[in-house]
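I've put the structures underneath this note.
Here chain A shows up in two complexes: once beside chain B, once beside chain C.
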Partner chain A sequence: MRRSLKLLLRLLRIQVRSQLQYPASFILEVLSSALTLGFFFLTFALTFTRFNQIGRWTLGEVAFVWGITEFSFGIMDMLFNGFDYDAFGPMVRRGHFDQLLLRPVNITLQVLGSRLVLRRLGKILEGVVIFGFGLSQIEITWTLAKVLYLPILSLSQVIFFGSLFIIGATTTYWTMERLEILNIFTYGSSEIMSYPMHIFPRALRMVFTFVVPAIFLSYYPAVFILSKPDPLNAPKFVYFSAPLIACAFLFLALRFWRFGVRNYKSTGS
Partner chain B sequence: MIQSSPLESQPFSLMELMNTFFAILRTSFRRQLAYRAANLSGLATNLMFGIFRAWVLIALYQDRTSVNSLTIQGAITYAGLAQSVIGFLSFFHWYELMNTVYDGQVGSDLIKPLSFFSYWLGIDGGRALGSLLIRSIPLFVVYSLFNNVILPQTPLQWIAFISALLFSWLISFGWRFLVNLAAFWTPNAIGVGRFAFGLSWIFSGFFMPLVLLPDWLANFSRLTPFGASVYIPIQIFIGNIQGGDLVKGLLIQVIWILILFTLDHFMMKLGIKRLVIQGG
Partner chain C sequence: MGPIIQARKLKNDYKIYKDHKGYIGALQNLFDRQFSLIHAVDQIDFEIQSGELMGYIGPNGAGKSTTIKMLTGLLVPTSGEILIDGYIPWKERKKYVRNIGAVFGQRTTLWWDLPMGDSLALLKHIYEIPDQVFRENLGIFKEILDLDTFMKTPVRSLSLGQRVRADFCAALLHNPKLLFLDEPTIGLDVVAKQRIREFIQFINRERKTTILLTTHDISDISKLCERVIVIDRGKILYDGVLKDLLDTFGGRRILSVEFAEQYPTPNLSNAEIINKNGNKVTYSFMRQSVTASKLIHDLSEKYRIIDLEVHDQPIEDTIREIYEKQLLYNNNDGKKNPSS
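== the complex of A and B ==
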């Protein structure tokens, strides 16, 4: 276990060093990605000035869920990038994955250590700024429970998005190429979680409740922290289910991943 | 007398060049149609995102029927149409040309009888046409089953829309070609591309209908090639610009095509002069 951890850190350190080879270009890329991503929210915020509400939420309240989702997704996309099916597909197709299988180290760990995308600091930064803007616009009556729940919520989101990436990467064992349709669940989840989710129609909400449990990681916790009324009338304990749902989802994702690895057949040469 | 290079003096008639162009276009079109699973999966994704955006707009509108001359039905149509043309315009993700510069394929492309620009125009034309047939149109048809959309009312409006859509593709191609030429100068053209395609994302009105933005930003975006390429055909489709404004819109598009194509040719000449291809 300790040996694996040390190895993982070393793998990641190599990635960091190689990506910082050109510091000026790196900083520019981080800033430009933060700006372009931030422009999405800015566009939404500017449009919002014509309306002043979305599902009876204010702009600050939307910024709260939007910022935390961007932040968590950014962290996940930086750390779990080995499982990004955009990159994992070519890795399987070109046989690099076979190389990893030959090494006497846990395969999950190696894939996790195979890519760390520092550029995602841009998205993380953008999330922090939007979240900060949200906090400056709303008054939350902070309680100890809320203060404690906030970091747990973000961590749960990281785990949740990471699980989606793991599931996406696993499908590659059979399809051998990235399927854009998976974006509905990964980027789709992060998009839908950036809004007060009660605005979406029932069928869509059901998909993001029972197929992909996104609603438990954004809308319900936000209803609790922001003390908003819940038109969906969910029982109160659901507000606190984020960490539980995230861990259960990760468990299932890893089961699926191991099943995939066991049944993996190389493409050959 | 200076001998012109053997390449330029090859006696290809216009007819032959046209035939070559259409042959390339056809091949590229067939290639696009061949990826059925990928097209279908892209279609489903765009459909889902179109539906997301439509519901965000519905929630914003709440009880209002029209905001700044865009009706709720127009806004819903806008969201679906914007997602439908993403694959066709390919405005935000296109690195094909720069990859050929890095892997050396560009060398053999440059000695083709067709000019480098026309060659890529043919390739992209086939891709766009294929994407339109297999992805854009079915996507919008399915979208309209789920949502109440507006359709053009007169044949003239259809013709105007189709011309505007064609112009949009030309603008998009002109921009993408220019961005990809960066590969002749820098080994990190992907970084340039990410930034440049970020710009086209922002000002094109893909995410939110431009009319819903504050007027200063909407007016500015409309004048950029990005606003001109996405926003104008959609506005024509939902009947929000007509008569003189419609003609003005098409004119802005044509001006952008001319500007971008001139820039493309100018930069292409400079770039090719710099190009060194290693033998092997």
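== the complex of A and C ==
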């Protein structure tokens, strides 16, 4: 276990080193990607001033969920990029995945260590700024539970998004190329989690409750931290289910992943 | 020493889907896909002794790569057994691959963005190679493969020849008992090929590493391997000494003649014209059926000759002829030794 961790760090360090070869251009890239992504929120915020609220949430409150979701997705997209099927698909097709299978190291760890995209710091930065803006606009009555829950929530989101990436990568074993439809779940989840989810039509909410349990990782925890009324009338324990849901989802994703690896070896496509 | 690789009734099938055409067809494909079953490898048996350097040859699509994939544990056979050094390759993957090395000529195992030397250092950690073994091996391999000049070059900037040499080094740093080579010299120039061949020989002789060499390049095989397996359409056509195979089918000789003038049909009995270009004609004949001196005598009686040359058909051509004319198929199926 310790050996694996050390090796993972070693693999990731290589990525960092090669991406920091040109520091100035790297910093510019991070800033420009933060700005580009930030504009999307800016236009949303400007439109928002026309309504003052959506579903009785203020702009600051939306910025709170928006920021934390962007932040977590950015962290995930940086660390789990080996499982991004835009990267993993070519890896399988070009036979690089076979090369990994020839090494005496856990295959999941090797895929995890195969890519780290430092540029995603742009999205992370954008998330932090929007989150900060949100905090500046709202009065939260902080309790110890809320302070502790916030980092746990972000970590749960990272795990949740990572699981979606793992599921996406696993489909590559059968299709050999990207399935656009999966974007609905990966990028769609992160989109939908950036808004107070009770505003969406029931059918859509059901999909993101029971098919992809995104609602437990954004809306319900936010209702608790922001002390908002819940028109969906969910029982209180649901507010705290984020880490549980995330871990269960990761467990299922890894089961599917292992099934995929086994299938890959028996078809050899 | 006993066999290190044993394969019994080894089989691998795969499906080729016949897709329906068009948009409606794409929908149909979801529910009703028709396929044909291809036997990439069809119930083959073979053994490789410890320390052997075995050639594994066959035309394109014969099943060579599929076999290598099964032997390296990348592919689970449809049926049949493989036992390699006490392991079943696709089970206990992590333990098994510690004992093997592999070089695929078309791919690299090295890190694209990393200097070659750093790539090798990373492999030291991946295989947990003791310091002393690593240093010693690297020292020897660097010298034979002449790696010193590009140790600091990123792998993406290496020439093909350099990259393959680096890959050979990478595959052997952990002292594997077995080495699998899949088209290792593809695309290399003569000098680079020679260096690689010397290295393969060195590893086989000095380290007693068992090597399975798959290649299109028959000159690799004829220079390195004593024993070969010939496979085509998933079946083993020949398993035995290379020399015997060539003696049986390689009796063909080539006679090139330059005539004083152009003759329309300078035919000879017992020899066929394989090329005619103006007054230069090339004949091919079987050593067993006629002698060169008899042919030359016949020719000089009828035509005026300026120059001529006789030589054996190159091994490459012999092997190609064995594939193309399916000479081995003329024998009884399942019979592994050639008989004339």
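Just so we're on the same page, the second predicted complex is superposed on the first by the 264 of 269 C-alpha atoms of A that agree within 3 Å, B and C clash if a C-alpha of one lies under 4 Å from a C-alpha of the other, contacts with A are read in each partner's own complex, and residues count from 1 in each chain.
Just so it is clear, a residue touches a chain if its C-beta (ideal position, glycine included) is under 8 Å from a C-beta of that chain, and two chains touch if they have at least 3 such contacts.
This one's a predicted model, so the numbers in the text were calculated from it and none came from an experiment.
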| item | value |
| --- | --- |
| Contacts of A:Ser25 with chain B and chain C, given as first, second, both or neither | first |
| Touched partner set for A:Phe48, first chain B, second chain C, both or neither | first |
| Partner touching more residues of chain A, whether chain B or chain C | B |
| Chain B versus chain C as contact partner of A:Leu7, first or second or both or neither | second |
| Partner chain in contact with A:Phe40 - chain B first, chain C second, else both or neither | first |
| Contacts of A:Phe200 with chain B and chain C, given as first, second, both or neither | first |
| Partner chain(s) touched by A:Ile184 [first = chain B, second = chain C, both, neither] | first |
| First, second, both or neither for A:Leu150, with chain B first and chain C second | neither |
| Residues of chain B defined as touching chain A within the complex | 37-38, 40-42, 44-45, 48-49, 51-52, 55-56, 58-62, 64, 67-68, 188, 191, 194-195, 198-199, 201-202, 207-208, 212-214, 217 |
| Chain C partner contacts - residues on chain A that touch it in the complex | 3, 6-7, 10-11, 14, 18, 94-96, 98-99, 101-106, 265-269 |
| Touch list for chain C against partner chain A, complex | 12, 14, 66, 69, 72-76, 90, 93-95, 97-98, 100, 102, 104, 106-109, 111, 113-114, 118, 122, 125-128 |
| Touching residues on chain A, where the partner in the complex is chain B | 25, 28-29, 32-33, 35-36, 39-40, 43-44, 46-51, 53-55, 177, 179-181, 183-184, 188, 191-192, 195, 199-201, 204 |
